[in-house]
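Heads up, there are several structures right after this.
Below, chain A partners chain B and then partners chain C, in two separate complexes.
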Partner chain A sequence: MSRAVRSGARRARLPRGEGPWAWLAAGSVALSLLLLGGLLTLIAVSGLGHFWPASVSLLELDDGRQLAGRAVRELPLPEGEGRERLYFTGNRDLDGQVWHWLAVERIAASERPPELVVLERRRFGDFIGRLVAVVPADRVQAAAAAAAADEPEAWAALGSRLDALEALRAERETLRRGVILPLVRQLEADPEDRAARRELAQANARARVLAAAMQGEVAILESVDGRRLVQPLDEVLRAWRPNAMSLPEKLGAWSRGLWRFLSEGPRAANTAGGVWPAIFGTVLMVLLMSVVVTPFGVLAAVYLNEVAHQGRLTRWVRIAVRNLAGVPSIVYGVFGLGVFVYGIGGSLDEWFFDEQLPSPTFGTGGLLWASLTLALLTLPVVIVATEEGLARIPVHQREGALALGATRLEMLARVVLPMAVPAMLTGVILAIARAAGEVAPLMLVGVAKLAPQVPVDGEFPFLHLDRKFMHLGYHLYDTAFHGDDVQAAMPVVYATALLLVLVVLVLNLTAIFMRHHLRARHGALPRH
Partner chain B sequence: MIAPPPAPPSSRSPWRRVVDRLATGLIAAGGIGVIVALLAIGAFLALEVLPALLSGSLSREQVVASLTPLAWGTLKAAFWALVFAIPLALGAAIHSAAFMSQRLRSRLKPTLELMEALPGVVIGFVAGLVLAPWVERHLAGALALLLVLPPGALLAGGLWRCLPTPLRRRLPLAWAGLWLVPWLALLGLAALTLAPALEAGWFAGDLRGWLDRELGLDYASRNALIVGLAMGFAVMPSVYALAEDALSGVPASLGEGAQALGASRWQTLWKVVLPTAAPGIFAAVMIGAGRAVGETMIVLMASGNTALMSLSPLEGMRSMAAGIAIELPEAVPGSDPYRLLMLAALLLFLFTFLVNTLAEAVRDRLRRRYRRLGGGA
Partner chain C sequence: MSVQPFQTMPVSRRPAGPIIDVSPEASSLEIENLTLAYAGKPALRELTLRIPRQRVTAFIGPSGCGKSTLLRALNRLHDLNEAVSWRGSIRLEGQDIHAPEVAVDELRRRVGMVFQAPNPFPMSIYENVAFGLRLRGGLSRRRLDDIVEWALNAAALWDEVKDRLRASAWSLSGGQQQRLVIARTLAVRPEVLLLDEPASALDPISTLKIEELIRSLKSQLTLVLVTHNMQQAARVSDYTAFLHEGELVEYGPTDDVFTNPRLARTENYITGRMA
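On to the complex of A and B.
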C-alpha cells in the first residue's frame, strides 16, 4: 500500500494500481457471479436435458457380453488408471437393476443401430432393446416361435397400436369422469334411483369392454443379449427409436416430454412422470396466501405510516416488524402447528366435525393452515414494502388533498393509496416469491408426499381447505431424499428444481422491475 | 402523520366526518390487530414452554442433554456459513462501493438479489446430492479450488500491472467483477486437472486416507464444510446488500477529502470509509448470522443430520431448525419431546429477534450519523 502512495504521483495519468486487496475484492464479486452462474447452468442443463431423447449405444464388452444403454456420466476409476462410465440400461424386469458402471477400456465396440427401441412403461421403468413383433395376446406362442422378425413392419404396427390405446384410454377417462362418477354420486344421494343404477351398469360394462380391448395386444421384445420378453401393450406409455430420429424429431419429442412433465401426475413413487399436482398445489396455496396477506399487510402498513402517532413506540414496532422478516421460517411453522393446527383446528373439529373424531378434519395439516402460516410469514415483507412506498409519496401530496377539504379517509383512498399501488404489488410479489420457495414450515402444517386428490374438484364445497396438498419444493425434497433409487429420480428432481427456480426468479424479476419503475416515477425522496 | 386542519363546518357534512372517524378507527384496529398477531408468535412459544420449565416437568438435565448437540450443530453450521459468506460478501460490497463502474453496479445488485431469492430447498439439493458426492470423490480437486481461487485474483492483479496500457484501459478495475469471471473459471479448471497429479505427489494419491492417518480426521460425505459453502452462498447476498448500503451511504465528502489529501482509493476505503461504516457492516454480519442460524432446508439436506458434537469441519451435525423439521410432526402435543422442540423454536426466535433488533438499532444510529456528517459538510 505504501508503495502505491509513493509511486502515486508518478502514475497519476495511468489507471492507478490499487494494491492486492482491491483485486481480492474484485475476485470475490467474480467468484459470486461464477457460483451463481454455475448453479443456474447446472440446474438448467440437467433439468432440460432430462427430456431429450438421448441416443442409445449398443456396446460389446471384451468378454463378448452385449449391452444397450445410454451413457450418463464418466468418472476416473477410484483406484488405478482409466475411467469408468455409467450407463442407464433399463430393463429392470430382466436384469433387476437399471444402472451399469463399465470401465471404458472393457468396451470393445460401440455402435448406434437405428432399430433399438426405448419403451416407457408403467411398471419396471424403461425397456431398451429390439422390437420383434406386435401380436394379439392369444397368439404369443406362435409368434414367439417365428424367429426372424420384420422389424420396420413391427415398428409401424406398434406406433398405430399405441395411438389406438391412447384413444381408448382417453375414452375410458371421459367415461369415468363424465358418466360413472356423477352416477355414483347420484346413487350415494339416492340409493333407490333405478334409472341411474341401470345407466351405471351400462357404463361399467362399456368400461370393461374398453379395458378388455386395451389388454388385447402384446409386444414381443428382445433385449440386445437375446432374452425375450412379452410386454402387454396396455402398460406401454410411449415408444421411440432415438438413434433413428432426426434433430427436428428429437426437438419435437423433447418439447412433448416437457409438456407431459408439466401436465401429468407423478408415477413410480414420484420418480417418474410429471409434477402437475405439485404445481397446482403450490399455485393454489400461494393464491390463498396472497388473498389473506394483501389486505392485512396493507392495513398494517397504512396504520403504521399514516394513522399511528409517529413516536418512539411506533419506531420500535416498525423495527420489530422488520425483524420478524428475519425470524426463521421454521419458527413460523411451529407457530402454525401449535396455534392453527392443534389449537384452532382441534377446536373446530370438536365443535363441527365431532362425528368424525378421532380422525381429524381440520386438526391436522391442510391447505388452509399452510396458507395462513405462510401469510403470517410473508406479512412483514408486504408491510415493509408498502410502508416504503407510502413513505416515498411526497408530503405535499397529502397536504394538497387536505387543503382542498378532503377528510383523512378520502386523502388516503384517492391520493395516497393509488400512488402506493406499485409498492404494494412489489410487496405482494416478493411475498409470493418467498412463499413459493419456502418448504420448512410446510413440512409441519400440511404438505403431502403424494396427494391423490387435488384440493379443488366438482364435489361440494369445491375448494377443500382441509385437504393436504402437494408442493413443488417439498416434492423436490422428498423425491431427492426419501426415494429408493435416488439416481433414477435425479432427472425428475433436477427438472422440478429448475421449475421452482424459474417460478421464483420470474416473480422476483417482476418485483425488481416494478420497484425500478416506482423509483423512476417518484424519484429517490427522503423519508418524511 | 398529518392531522387534518380544522375545516370550516360548512365544507364537511357530518356524515363524511363520521365515515372518516369510523374508517380511521377500523384501520387502527386492523393494523394493531395484525401487528399483535405477528408479535404473538413469541408469546405463544413462551407460553408453551415456560410453564413446563417453571413447574419442573422438564428437568434441567433433560433440556441440557437434548438441546446441547442441536445448539452445537446450529452454531457450527452458522460459523462455517459465515466463514464462507463474510469474505465473499464484504469483498463484493467493498468492490462495488469503491471501485465498480456505476453501470455494472446497478446490474449487480438485482443479480445478487435474485441469488438471495433462490429457494433453500434447491440449494440444499444441489449441496447434498451433487456437491457432496462430487467433493467426496474429488477431495483434492475441491481443496485445490479453494486454495487457487483467492491467489488467482491476486495473480490477475499482478499480471494486469504488467499489461500494456491500451489493454489495461480495455480491462479496467471498474469492470473487474465481470472480466475476472472467465479468468477464475479457467484457473479453476486448471486446478481441477492438476489436482490428481498433486494428490499423487503429496498425499500418496489418497487425500482422505492421508487426512485419516495424519490428522485423525474422519471424512463424512455430508459435512460442515459442504453445509457452510451452501449456506454461505445463501447468506452472502443479504450480507452484501446491507454492507453495500452502509458503505455507499458514507457521505461522499469524507472520501473526497481523503483523496484530495493524496490517498489512493483503497487507502480512502480502509482508513476513512470502512471505520465510518463499521457499525453498518457489523449489522450486516449479524443479520447474516441470524439467517444462517435459522436456515432449515439447506442444513436438513446437506448435513447428514446426526447429532454429533465434534469440532471437525469434515463431520456432519444436526441443527435446531432441522431437528424441529424432522421431529415435530411426529411429536405428541403436550409431551416432553414436543415441549423440548418448542423450547428449541423459542431459542431460535429469541436469538434471531435479538440479533436482528441489535443490528437494526445499530443501522438506525448509523443512518442518523450519516445524515449528521453529510449535513455538516
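On to the complex of A and C.
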C-alpha cells in the first residue's frame, strides 16, 4: 500500500501529460462562467420581462365561473395530481386578491379576446376586464342604463382622455417645480414678500384649475364575470389591450415601460413605478465616495511607500491597513453613525444650524455621511492598490529623475505619481465595485426608503449633502421584504437587481476605460 | 550624511599597481581615500584617483568589483540608501561634493548619469528632453525648443525623431531610448557624464552609435564609463581603471593598460582568464 502511495506521489510530481489538469482547470472556469451567466440571465429575463405587455386569457372554469388574467407560472401538484397554474387577475377592489392558483384541468376553456383591457391605476393596482364607456361623472347613471355601448368608441375616448390627463399632469408638475416650490422657499426666507405671496396665490389657483380639469370623468368598467365598476379617470395611469397588440406595438410598450422604470420615481410603497431617484442616489454617492477616497488613499499610500522609514512600525501599519479591508461593512456603518452622524453632524448642527434644532440638519443620516462612511470602508482598497503600483515603478525611473537634478518631491510629482495613476485607478475601480453594492452600512447612515427628491436640484447650494437619498441596493431589499405583495414585487426586485449590476458595471467600465486610455498613451511599462 | 567609522575594514592596503598621475589642474573629479560599505559590507576600499577633464575614463573589472558603486558615489546617488556608509572625499573642480553648501540636486545637474537600462519617462520625446530644464523653470518656450533640438542633435537622435517629438518616448527602439536619455542628460549641460554600462542592453548597431556618441562628446565634457565589455573600453576610453574587490588595481592610459598591463591580475582579467 505504502509503496503504491509513494509511486503515486512520484507520478504526481512528474505528470506524464497535462490532460487531466487542463480539464480540471478548464472545467472550473467553465462552471464559474456558467453560474455567472445563469445568474445574469435569470435576473435579466425576470427583470426585463416585467415590462412586457403579456397577453391576457379569458378563462372559463368547469363550474362556469369566468376569470381573466395573465399566466405567471405553472407548477406540478404533489403526487401527480396534474398541474397548477398561477394567474395574475388584478381587480383588487373587486376580488380582494390579485393572484389565483388554478388547477389546469379545471380550466374548461381559454381564449384571448382582443377587447380585454388592462388599466394601470394609482390605487388597487391593475384592472383586467372590459371597458363599457367613458363618461362625465354626473352621467354615470344614464350611461350605465344604456348598457350596450359602442366598445371601440369607448376605447378611443379612453385613449384621448388619458393623453389629455398626461398633459395636464405634466403641466401641473412643471408648475409645482418651476413656480410654486421656489415661491414657497422665497416666502420661507422672507414671509413679508407681498409680490411673492400674490404670485403664489395665482399659481395655486392655476394648480387648482388643473386639478379640477383632471377630475370629473370616469370609465365604466366591467369584469369578465359581469361586475360593474366606476373608475375615476384621473387615477388611471395607462391602459392597453394586450391581446389586440401586434409585436411591434408590444415592443414599443415594453421599451416605454422600461424607460418609465428608469426615469420615474417609485409609487405604491415602492412596488410600482420607477427607480430613478435610487439610480441617481447610488451613482451620486459612489462618485462622492470616489472623490473623497482617492486623494486620501493616494496620500496614505505615498506616505507609506515613499516617505515613511521602512521599519517595523510601517510594516505593522501596512498589515493593519490590509486587514481593515476585511472588517465587516456594518461595523463601518456603526462607526459612521457614531462618529459622523452623531458626533460631527451633531456638533455641526449646534454650531451652524441651531435655529433649526431640534430637527437635525447634519445630525441625521445623509448623503455626505454615507459617502464618507463608504470612503472609509474602501480606503484600504485604494491604499493597497496604489502602494502596489508605487512599488512596481522601476527604481531606474526614480533614479533617472534624481540624476537629472530632481528633488525627491519633484521625482514623486512628475515621474512616480503619473506612472502610478493606472494603479490608483485600479484601486478606485475596486473601491467602486465594493461601495456600489454595499447596503448594510448605508441603512445606518443615510439611505431612505422613499426620497423622491434627488439630492441635486436648482436650489442653492444645488448639491444637498444633508439630504437622505435612495439607493438601488436598499430599494431592492425594501421591495423584496417590506411590501405587502411579495409576488407582485418580485419582477421589480429582479429589474432593480439587474439595474444595480448594470450601474456597477458602467461605473467600473468608466474607470477601466480611463485607465486604458492612460496606459495606451505611452504603452505598457517596459520590463528590464 | 556623516562620515562613519569602519570596524570591519582592514587597514588600507595601498594598491600595488602604478597609478598615473593626472595633475589636479587637469582633473575634473578627484577621489581621495574613498571607502564605502553597504550595510557594513565593504564595497570600495581606500580608492584614490583623479579623473581627467574632457576625456573618457573607463572603469572595468569583474562583477561586484565596485565600479558601479564608485560611479554612483560621484553624483551622490547613494544618499537615498540608508544602508550605505562611507568616508573619504570626492571633489568636483576642487570642491568637495559633500560640503554642506552643495545642494545635491544642483550637483546632479553638474554630474549627469545614464543608466544601464534605458529609462525614458512615460512622456513624449520632447518632454523627456525638457524634463530637467522644466525642473528649474524660467525658460521661454522658444529657448526650450532650441535646447531640446540642440540636445537631440548632440545625442545624434534629432534626425530620427524630429518629426515625432510629441510621440511617446516608449515608442522608440532601445538604442534610440538610450540616446534619448543621453540627450535628456545633456540638455541640462552637465560638466561630467556618468555612463553605467550604457550599451549593455543594446544590439551591436545601437552599441556602435552610443560609442560614437561618447567619442564625440568628450570635446564638451568629462565622461566616465563603466563597462563589462573590454573591447568597448579599449575602443572609446582614453584612460582605464581596473577595479577588483573594491580596490583600484591599475589605472593608466587605456593603451598602456590593455597592451602592457603592469600587474598579472589586470592581464588575467583583460585576457579573460579571470571572470
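Basically, the second predicted complex is superposed on the first by the 448 of 528 C-alpha atoms of A that agree within 3 Å, B and C clash if a C-alpha of one lies under 4 Å from a C-alpha of the other, contacts with A are read in each partner's own complex, and residues count from 1 in each chain.
Basically, a contact is a pair of C-beta atoms (placed from the backbone, for glycine too) under 8 Å apart; a residue touches a chain by one contact, two chains touch by 3 or more.
This structure is a prediction, so every number in the text was calculated from the model and none was measured.
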Which of chain B and chain C A:Leu287 touches, first, second, both or neither: neither
Does the superposition put A:Glu399 against chain B (first), chain C (second), both, or neither? both
With the two structures laid over each other on chain A, which partner does A:Ala156 touch: chain B (first), chain C (second), both, or neither? neither
In the superposed arrangement, does A:Val104 touch chain B (first), chain C (second), both or neither? neither
I'd like to know which partner A:Val506 touches here: chain B for first, chain C for second, both or neither. neither
Can A:Ala167 be said to touch chain B (first), chain C (second), both, or neither? neither
Which chain, chain B or chain C, ends up touching more residues of chain A in the combined arrangement? B
Looking at the overlay, what does A:Trp21 touch: chain B (first), chain C (second), both, or neither? first
Looking at the overlay, does A:Thr407 come into contact with chain B only (first), chain C only (second), both, or neither? both
Intersected contact list for chain A, partners chain B and chain C 399, 402-403, 405, 407, 410
For the chain A and chain B complex, residues of the former touching the latter: 1, 4-5, 8, 14-37, 39, 42-43, 75-76, 78, 296-297, 299-308, 310, 317, 319-324, 326-335, 337-339, 342, 365, 376, 379-380, 383, 395, 398-399, 402-403, 405, 407-411, 433-434, 436-440, 443-444, 473-474, 476-477, 480-481, 486, 490, 493, 497, 500-501, 504-505, 508-509, 512
Chain B residues touching chain A in their complex are 1-2, 4-5, 7, 11-12, 16-17, 19-20, 23-24, 27-28, 30-32, 34-35, 37-39, 41, 44-45, 48, 87-92, 94-96, 98-100, 108, 110-115, 117-126, 128-130, 137, 149-150, 152-154, 156-157, 160-161, 165, 168-169, 172-173, 176-178, 180-181, 183-185, 188, 196, 233, 236, 240, 262-267, 270, 287, 290-291, 293-297, 300-301, 321, 324-325, 328-329, 333, 341-342, 345, 348-349, 352-353, 356-357, 360-361, 364
In the complex with chain C, residue positions of chain A that touch it: 394, 396-397, 399-407, 410, 414-415, 418-419, 521-523, 525-526, 528
Listed in rising order, the residues of chain C that touch chain A in the complex are 75, 77, 80, 105-106, 108-109, 112-113, 115-117, 119-123, 131-132, 135-136, 168-171, 181, 184-185, 188, 201
